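Two complexes follow with subunit A in common, the first pairing it with subunit B and the second with subunit C.
What follows is the complex of A and B.
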């Protein structure tokens, strides 16, 4: 009997408090939501970069922000998360990741009064045709240029030795990083007097963006084989590789990681007192800027709906960090020179495999 | 207070509510614990719960979504519960579900343009059931023939299934655009039915729900109304006694594992050719429905009806937590913590009951001994 009474009391409390609180809200004209793809919000790269852009814009504009992590990776799970945000009043939704392409295709017609930002992909229908509705913006990055610059920077800095590459899933954005990186190393070998080798066996796609232990294992194998620097475009897998490099660095061994998407220098710090990091440099793509820009555009009423935007070196959408404690002044100058040529169009980086490894 | 169970598995009338009371109590304790978690991070638990449950049932879309999330849970829960009732611990529901799913997706993609919808769906569903059953059969045979512990065998088989699916999807059914998933199946091969979707617009509810309910009824009938069920339960109660009574124990073990696998295999079809329309291979974990099935079985006290309620409850939490997070910013991990706590208390309830039972038995036998002693003197 007491149990029933307690339950009843709880229920009454629940209903009364809820109705009171349900009426509160903010005066902002729109709320920004984000749905993460298969990684977590603190993946140190893709999701985190997007979220930082959202946070920055939302803080400046004093508007509500929130993110959801879908229960699974099916289109149904993605659409459920988008629907949850929409029903909670978040009608500006940022989705990072090519895996959202079919979910956004459905969402953009289902929620016509909502705005969608799709990063790394275009909405696609069941037959694979891209359809960017007027309430959606699709954003691409020139990852190959970013990988190219990171490749040049790393090669010039280390001059000689063996490089490796660990990718997450074998998807276009990650492949472009890989191919660009190889071209960058080749460019430095041909024009800047370096002798860096990349063996085919050291170019590996782990297969997920989340297997931290797997990344650590792959990195350990490569370092054992004599690789001195690994470019990781692999989300959580890269976190594992960074951990492995940190362990080795603390033991006094040489182990460099080239970070991806965001400046990962801070993640690679193994000696806090001397601020020493195993992250040589990072191949950036301006995810944060892209997310931020879109939200500001929306506020200004200039949301570029229906368009597909490409961020590349020419609009500073990709590159390496402005400050690289691990790069010498000479390296920085050399990279700046290459970047200028890239912007001017005297150097072109292929976004396709050609005769590159994998 | 030991529930008196007669050989047919029927419990005395007054004990039936009691076992559900245990589960309800576990749910309540779990919710209270969840409230404390919310308080600890400075949130109002009443608001949190309001939106958690609102997100499960606020309109037809969300109700449909709750039922869609519950569908595979009903089946994996039933799979684990059935095995439990016959004395086996099926940790392999995830792997059986994966094999069922791979078969379903494979059959769907292969025959979707050849067969009429009715036959096609029957082929897909039966294929998944057979695949799940065969996968579990391996563990059953290992247990029956070589006395390999089914817990170990099914855990290992989970990962074999996991990598088989990764290889199988990648090698044979890969989506040319996105190589981390299979091609999407055509609407004709999907368990989603237009009339059902229009009842719950915007949700991913599918015919799998009805299949799971049919399976539920069949399992309930098999357990309570057939000789087979009687024999299997007898094996579960006491293997040696069952053997002594002339029941073919090994056959029972194999059969029971296979039936459990068939149920989990069907869960795979409802999930990947119903809820989803392709199979993703970009994950490094097993489908969560496998382990959640154990929780569902536990909370549902291993009875088909209990499994139904437990699965819908978990489905509601699963589908409501996104909305809770969207509105209140309470992290979805809180909902997962509540689920975990509920499971913990459900398990603890059984434990507490067992401890109490043991204590009562000991007291009863002591009292008996005392009376005997008294009688002798």
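What follows is the complex of A and C.
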């Protein structure tokens, strides 16, 4: 009997302590939640970028934050996670990823007193019509401009050779990276005296964001066929490609990867003493800034509900990293020139396929 | 025909690299099942091995003067840790007579969760990237042999040869030593083995430890060869290794063939998108689309299992807890 009583007391103590902890530490009036897309919270890419923005804002505002990883990648999984966050009092929910479009469409009407930030997509109904409710903001990035700048930078740096592209799933954001990259290379060939070729067979979408082995084998095959640099917009598939390039670099062969979403230079380091990396440059998009800005706007009562925002070169929402150890000063200058023209509108980058490859 | 040869020569080394972790994991599964313990926790052991090696290598790489040494220590650490981790499975299945499938499932769930949790707690991220893995080299002289040199001795990793050596040694142990005979007896008829004076529990403990060690080595081999990053999963290769074990009829040579078949088919499916030979085929008939190619090995396995199921050669006592009192 005594044992049971002791256990019971302990249990009650535990419960009350955890409730106390849960209640303390909040000073602002909302909690920020995030639901991850396929992949993990530390994918060094999309999820991580968003989460870093959430963490930064939540730390500054001293508010609660939490993220949930859905059991799968279907609409039902996403809705379940959103519901769980909502029930736990997280009424400001950030969802990064194209695949959330239908889930957010339902959630924004179901949870009218919650705010949603949808990155990379607009909420869409079953017929594919975009409906951004007043409690939702949809955020797009001009990935084509980001890919364009990375394409220009890589072409100017390497001057001659063959480039390739490995995408993850064939979804709009990845496609725009690809098309922008091809336009960037073409622009450099036409205006900056480079002779880079991209063969149709070396532009592919692997089909997942997680197949590391697939990424390694695809990159290996491309490099074997004479490709010198591969632009990877492919999450975990890119991890395999980066590893393959590192293996080649340690053997003294030429193999470059152009990173995506965040600055991937550190991931490509194969020689720590000389800080040598196979990541030539990265095509960035300001996911972190976007997530951060929305939370701050909410705090200031300026949440742009119902709007669809686009982050592009004109508001520094996309670009290449500020420092690129693998790019020469001449290349950096050339890219800065192109960026200025892009901002001024003298260069336009198409966000559609046109006659580009895939 | 020239095109086909070039193609095979191009992808063969990559197919081997993909096969080796599967092979060693499958061999681990073979030892466990031949002793009478089903081990569907292979995938979890692989993840565990991948984690232990990644963390060890990350720790040692800056300290040791020679990076390759760190990689080898990492592989060894994973193997030992896998054997220790497997004690959980053998304790549940052998000592406590628990359902082996449930225990294996629990091992998988624990491994996926615990490794990422530990990684996050001690490194701040659930992904651990290593600076470099094992070097890829052409073997001198042998790689100059026509045909064979191109296929087997170019772009190879040392892990490939280590694993093949382990396969030979352990196949010998299984079939040509007293220990091997006893181990197989425990998987076929543990009561008879017990009556003959064999300690069934101890034999099964050792066998499960071998399977844990080998699967962990498999996970570590993935890390130091083609992935370079621990991220909390091995893409379900542990289950593929299990399928290869059945496809290979619980025999060392059989699993060598089965895993290579999987490895080769998976590699073709992966790279077919960038090979004009295949993209041309896709233009002619959608049958050759990457998706079909990816499904191919699984479909073949299913068909093969249907045909083999009548004459299945699974160890008879596999999956049954050993109960001394039962007759």
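We take it that the second predicted complex is superposed on the first by the 331 of 358 C-alpha atoms of A that agree within 3 Å, B and C clash if a C-alpha of one lies under 4 Å from a C-alpha of the other, contacts with A are read in each partner's own complex, and residues count from 1 in each chain.
As a working rule, a contact is a pair of C-beta atoms (placed from the backbone, for glycine too) under 8 Å apart; a residue touches a chain by one contact, two chains touch by 3 or more.
Predicted model, so just to flag it, every value in this text is computed and none were measured.
Visitor: Should the superposition on subunit A be reported as showing a clash between subunit B and subunit C, or a fit?
Guide: Clash.
Visitor: Can A:74 be said to touch subunit B (first), subunit C (second), both, or neither?
Guide: So A:74 only meets subunit B here.
Visitor: Using the superposition on chain A described above, determine whether A:242 touches subunit B (first), subunit C (second), both, or neither.
Guide: Only subunit C is touched by A:242; subunit B is not.
Visitor: Under the stated touch criterion, which partner chain does A:210 make contact with: subunit B (first), subunit C (second), both, or neither?
Guide: After superposing on A, A:210 lies in contact with both subunit B and subunit C.
Visitor: Touching A:83 in the superposition: subunit B (first), subunit C (second), both, neither?
Guide: first
Visitor: Between subunit B and subunit C, whom does A:110 touch in the aligned arrangement: first, second, both, or neither?
Guide: Touch partner of A:110: subunit B, not subunit C.
Visitor: Is A:44 touching anything from subunit B or subunit C once the two structures are fitted on A? First, second, both or neither.
Guide: The answer is second: A:44 touches subunit C but not subunit B.
Visitor: Subunit C clashes with which stretch of subunit B: 127-135, 145-153 or 235-243?
Guide: 145-153
Visitor: So which bits of subunit A does subunit B touch that subunit C touches too?
Guide: Dual-contact residues (subunit A): 207, 210-211, 214.
Visitor: If we count contacts the way the header does, which residues on subunit B are in touch with subunit A in the complex?
Guide: Residue list for subunit B touching subunit A: 25, 28, 44, 46-47, 49-51, 55, 58, 61, 65, 68-69, 166, 176-180, 184, 202, 204, 275-278, 280, 282-284, 288, 318-319, 321-323, 325-327, 329, 332.
Visitor: For subunit C, which residues are in contact with subunit A within the complex?
Guide: 10-11, 14, 18, 61-62, 116, 120, 125-127, 129, 131-133, 135-137, 222, 226-229, 231-232, 235, 266-267, 270-271, 273-276, 279, 290-291
Visitor: Under the touch definition given earlier, write down the residues of subunit A that touch subunit C in their complex.
Guide: 40-44, 164, 201-202, 204, 206-207, 210-214, 216-218, 220-222, 224-225, 236, 239-240, 242-244, 246-247, 250-251, 267, 269-272
Visitor: If you look only at subunit A, which of its residues touch subunit B in the complex?
Guide: 3, 7, 13-15, 17-18, 21-22, 33, 38, 66, 68-76, 79-81, 83-85, 87-90, 98-99, 101-102, 110, 124, 126, 128, 169-171, 207-211, 214
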